[in-house]
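Heads up, the next two complexes both have chain A, just with different partners, chain B and then chain C.
And now, the complex of A and B:
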């Protein structure tokens, strides 16, 4: 049956531009301007979906994207509301939540037979025994109920953007009041944007005969005075700071407004009566939209039951479309005791009003026009029940928010429908919530079980938690609860309205994916040199350029080059810089000469190790502090936080990104440096732990003679933008020494051979200096410093655990984090472990009971489930006297 | 050398070597057909194909050669005109200079400031130029009145106004990421990269 009317002047469709798509494999033809829903309805389809739980056939109810009745899967995208989704050539539309098709859904047996097993909360009651079968039940239930299915294999399609905007006035709702408010604000000189979810503004005006003209005139006027019209667009919610996210095509506009005008109008409420979900029962707005927007005749014979003027408007529209109106009930004039709809195969065939039956294929019914107050509630408005009109109205609206028109409660004097027209005789289901298939019986049952608060009822029955988010069921559920408990609606109250008010897809919320990564200035060169990269915090660093063992040998036997630009680098300068460092570090810096370097460990006020690095004194009042690769930001904050209290005269400047750093290490390091630097680097002029400035390959540099990897080494710190140039120079000039670039893996072996710790790897949030075997750092003979008290407490109580080196008598490499076992119990853990060619053993660091921290003591480590003996080593595994380092 | 000379590329002295500065965006610039020239010690992307079309919407120009000075203490202001002063807090400012005068401005500011740290190497700089630059900027940052500091493309940076657009300053180690994100964000605008020479005269100073 084709329901398309003859061409009308104001229709939205372009009959000259046909569009074809398929629904469940069958071709459907519509026109440009149609939605999938309107095209399908025009071609005679009445059943659009199956209900959530009972799999009852469902048809169009609102035609405004407010309910769940027309949800389907479009081109693999589930839960698309067909009544508002513009038609697309070639689209593949399919019913969802069905076994079979929407016309023949085998799961509809649930409606006939499973009622007694599916009361509210049934999954806590009828499907709990035997308990071990719950996973099976759960799978069955999840397959039998729900919405569309997400495709876990789906990948991102299309582009999604975020835009940050601000205006003086944002109007939500493009009906006559919204447009009027926008025009007035713009005329007063404000910047104004208006959001409306229709393809053009006009709101309810567009649903009335002769409403198009005034709607267009208002929209044109708004454009003329500079109002920005965002249509179709949806306001998702109102957040703190008058932030309104707006879904506008593929863009999420994060709009901030000095004033938000909510002109969202009203939401037509369904009437609650047996058979109220039959296909063919719809809201007046839906019938009007079908006729006025898409020139569709909604039915042949209609019964119209409403509580306000929408009924009269619908009658006018239906008659103009050639629909025979068999009966009209205005609930302001007559309040029937009972209304019962009957049907065949899920479609309405008649209505009985107080026992008088009327044959029909269309029931246009609505109760109270509920002000759309959700956005106001998000903003903190108070909403009260208006007993005289049977709706919730906003009463206290916060500053910066204004409500106009229907949303403000301007709904005239509608009739007050019964919470339920079922009476006592009907056995047919009477739905309060069509999204979640909750009936009057379910809600009364929940109430009888003790769920007497509307918030509890919401969670127990899931009323208002479906896709309509309470638009079509909140008021009715409150009114039914009031009736059931013999109280009034104001005592029942409302449930909390939370964003999103309009559904929004996660891809729009997510926007474009961003993954900020920090790269050193030599990144591309590393890749050219064959490096495999790894993450260290936000940084990308070379793991190795080939064989890490060969890299280690290269450093021990010739010279290695490693990019250490990721080290945190901080300048601390000013009159009080030395005093400050003395107080924030446990060791001493005041007595350090300019041009010298010291190792430093930072501890928290609880004495726990938080970071480490070197401190070079560049001048009396200037120190250059390095930190761990991920620690710079936290150390700068730590310094600034303490100095906010101490008030020393100094500046802290984070120069981590400004400077690149390269460590040149190995017995040939000096010879290589001599080719490149313009300062003497011989052992006497440039001693171990000296800091000097000079040029390396012409690049201004700070050179630090330190040795994390245990060989003679120079750390070159220089402007990062010259990183590639300097690395190239080192590699070229070092070629005949056999200079090798080395990565993090070899660095980890080399530092482990020297038993140098990595903060965060070998320490955790509980580690203190004494137990980490660094008592020499603590200078308890100086004044107060951060963590001093705690260090004294540890000293007084004695050490319980110790970080020690160990050699393992096996060829199997244990995992880092592996257990140390004593008397069959875990008593410690391995923090670092590697195979060392230089030490000819598997070596590592581990936390062991303090009494095991004796040279040569043995303990057991668990490796692949077996206990392997290990021997404690308190000295470095390589060059224990540091002769190579100091050479 | 002065105490903090190692922070400044212009402290280059050794005549045997000619150090070159390069930005982390260079690889992507090459892929997009940039022509490079060496100026002021920098290998700069001076031109790209179709620059005039980009400038009708939003052109993205990397200008890494600018000097950037982190100035601490109140009172100091440079006398030169080819520089921009961004007072971040009463005690801290950022001074952006033309590459040719960075050394002299630094010396001048050091006379009166408590501390001047050359962060030229630490901050990348990209200009967004064209009639849709404002609209483009709204897609990448929440900031709305400039100059301002805050999050741009998920990275902390600074946004300054220039004639017909904006100048973004950001930690250079995010340069490759930021360039990729900016060029991608420019796609719906039909915008794209322009070179140093494509920046219309008078845009910056």
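And now, the complex of A and C:
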């Protein structure tokens, strides 16, 4: 049965362009311009979904995307509102929240049998006992709860973007007031954007007898004066700083506006009476939309009950569509005691008004139109109850926000309907909240149980918490509460309106996935050399080029080459540079000669270790500071912050990206360097901890003789653009010495052999210098420095725990983070552990109780559940006297 | 947090571009008692109302500045560059 009316001039459908999709497997034919909902209604479908709790059949109520009644799953995407979702060829639409189909839902037994037994709080009260059955209950309840099903295997489809924009004036709502406000603002010279959720602006204008013409004229005028029309689009909410996120197709526009004009109009309110959720009971706007937009005859025989002019308009529209209007009630003129709808198989068959029954298949009913104030409330406006008209109106609208039209409270003089028309006798459910299936009885029950505040009642009954977000139930629930408690609505107040006002999909919020990677200038060479890459913070670095153990051997026996460009590199220069470093580091730099290097550790004022690196003095007033690989940004910020306080004459420049760095280390490092550099590198001219400038293979470089990996080594810092060139030169020239490129894994073994710590790996946000066994860093005989007082406090209280090296007497490798056990209790943890060929043992670093920090002390580590004896080693495991390092 | 912060250097920019270390605290000058030290390190007034804070334009000009922010409604009333304690800027 197809119930399209004769073609009309301004219908939205294009009858020349049919579109076919399926609903629950059956083909549905509509036209371009239809929504899924309108096409299904036109083909005679009346039941669109099953209700949340009782699985009652539900049909179109608002036809404006405001309720939950037409929600279905479209092409795997749950909770799509069919009444507003444009039709798509071949789409696969399925009912949800049913066992069977929306027409035959086996879960509807709940309605018949469980109904009276599932008041609010039922689940909490019932399934709490016996406790041991909870896992079973939970599984069953979880299965029955929620709306729609997410496909956990689904992957991102399509492209989603975010746009950051600003305008002088943003108008939300494209009805006549919104369009007019936009036109005026644009004419006054402002940049203006207007958001409307319809396919074309017009709002309520589109539902009047005069048809599309006035709306189209206004919209054209707006375009002419330069208003940007965003539709269909939805304003998600109003946030601080007049920020309005707008969902516009697959783009989330973060729109910042100097002025926001809320012209969101009104939300038609359902009447509360027994049977008010029967299929065929709808709001006046829904009936009008069916007729005007899609030329659909909504029913055969209608009863119209409204509190304002929307009734008269509906009657006119219905009559024009050939619907017989069997009865009309204008609540301004007469206020019935009772209204009761009756039905068959969930569909309305008649209404009885004060006992007079009228047969019908359509009930068009609404109460006072509620100003759509949610966006104003987000912005901080208060709403006051207007007792004369039975609606909440916004007051105290903050600066930068303006409300116009219906949203501002301009709703005329509607009649004041009863909070419920059930009277005393009726047994049928009268719904206050159709999304959550809450009836007048449930609310009264909650009130009787002591939930006498509307905020508590909301949490207990979940009224207003469903998909309509209170659009169709907030006002009615407050009014019913006022009646139940014998107070007035202004004392009951409102629940808090929070964004989002309209549903927004997570993929739009997420936008395009960004996982920025930093690559060193030698990245491609590493890959050509066969490196496996790994993430370290935001950097991509070689894990190894082959066998890490062979790389370790190469460094110990010949020479190794590693890209250390990821080190943070900071130039600190200026008259006060030395004074500044003295004050920000716990160790001393003032007495350091130019051309020398010192290891430095940064601590916070709480004494916690935050970063480490080397500091080379290049000249009296110039220092070159390196930091950990992920620490450069934070250290620069830290330096700048303290200097904002201290005000030294100083420049801090982060040169991490502009300079690359390579460490050349191993017994043959000097021989290799000799072939490439233009400065003397013999042991006397270039000592351990010397910094020299020269050219390596012709590349201007800063050379630092330091030894993180424990062998004679040179760290070469040079312009990033020369990265590949210099790496190639070192690898080629190094071939004669058996040079090996080495990666992070072998570097970790090598540094562990020297018991060199990794900040963040061996230390955490609690570690201080003394307990991390670095007392020599701390120079308490100099003046004030960051962290000094806390260090003094630690010293005074005594050490509780210590970071020490250990050897394990086992072949099984414990995990990093593994437990250290004393007297059966966890007393510490392993922070680093590796097998070392050079030490011929499993070695590591661990936090142990301070009294264990003596050479040869033993403790137990948990490895795979077993306790393995370990022995404390205070010296480095390799070259303890540093002879190789200094050679 | 979606408000805007007027950077003294760049003008009003979205808050996401900045970081803050919170309210300005008085750092003890002499060796403090354990109690005073803990107070300085851990205690925050957490005022409801206007407080002066350190802000840093991380994704912008990379400058630290002081901001008077109303913690109640996130209005930033004023921002300024610090006048250095040594008075030599």
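The rule we apply is simple: the second predicted complex is superposed on the first by the 883 of 887 C-alpha atoms of A that agree within 3 Å, B and C clash if a C-alpha of one lies under 4 Å from a C-alpha of the other, contacts with A are read in each partner's own complex, and residues count from 1 in each chain.
By our rule, a contact is a pair of C-beta atoms (placed from the backbone, for glycine too) under 8 Å apart; a residue touches a chain by one contact, two chains touch by 3 or more.
Predicted model only: the values in this text are computed from it and were never measured.
Engineer: Between chain B and chain C, whom does A:678 touch in the aligned arrangement: first, second, both, or neither?
Structural biologist: In the superposition, A:678 touches chain B alone.
Engineer: Quick check on the superposed pair: does A:342 touch chain B, chain C, both, or neither? Answer first, second, both or neither.
Structural biologist: Neither: A:342 stays clear of chain B and chain C.
Engineer: In the overlaid three-chain picture, which partner chain does A:793 touch, first (chain B) or second (chain C), both, or neither?
Structural biologist: The answer is second: A:793 touches chain C but not chain B.
Engineer: Quick one: is A:164 in contact with chain B, with chain C, with both, or with neither? Answer first, second, both or neither.
Structural biologist: After superposing on A, A:164 lies in contact with both chain B and chain C.
Engineer: Quick check on the superposed pair: does A:648 touch chain B, chain C, both, or neither? Answer first, second, both or neither.
Structural biologist: The answer is second: A:648 touches chain C but not chain B.
Engineer: In the superposed arrangement, which partner chain does A:521 touch: chain B (first), chain C (second), both, or neither?
Structural biologist: first
Engineer: For A:618, select first, second, both or neither according to whether it touches chain B, chain C, the two together, or no partner.
Structural biologist: In the superposition, A:618 touches chain B alone.
Engineer: Quick check on my understanding: which residues of chain A belong to both its chain B contact set and its chain C contact set?
Structural biologist: Overlap of chain B and chain C footprints on chain A: residues 164.
Engineer: Along chain B, where are the residues that touch chain A in the complex?
Structural biologist: Residues in contact with chain A: 1, 3-9, 11-24, 26-27, 42, 64, 70, 72, 114-115, 117-123, 138-139, 141-144, 153-155, 171-177, 181, 184-185, 187-188.
Engineer: Of all residues in chain A, which touch chain B in the complex?
Structural biologist: It comes out as residues 159, 161-166, 254, 512, 514-521, 523-524, 539, 571, 573-574, 618-619, 622, 651, 653, 655-659, 678, 693-695, 697-702, 717-726, 729.
Engineer: Chain C touches which residues of chain A in the complex?
Structural biologist: 164, 239-241, 243, 256, 380, 605-606, 633, 636-637, 640-641, 644-649, 789-790, 792-793
Engineer: Which chain C residues qualify as touching chain A in the complex?
Structural biologist: 1-4, 14-15, 19, 21, 27-28, 31-32, 34, 37, 40-41, 54, 56, 58, 62-65, 73-74, 82-89
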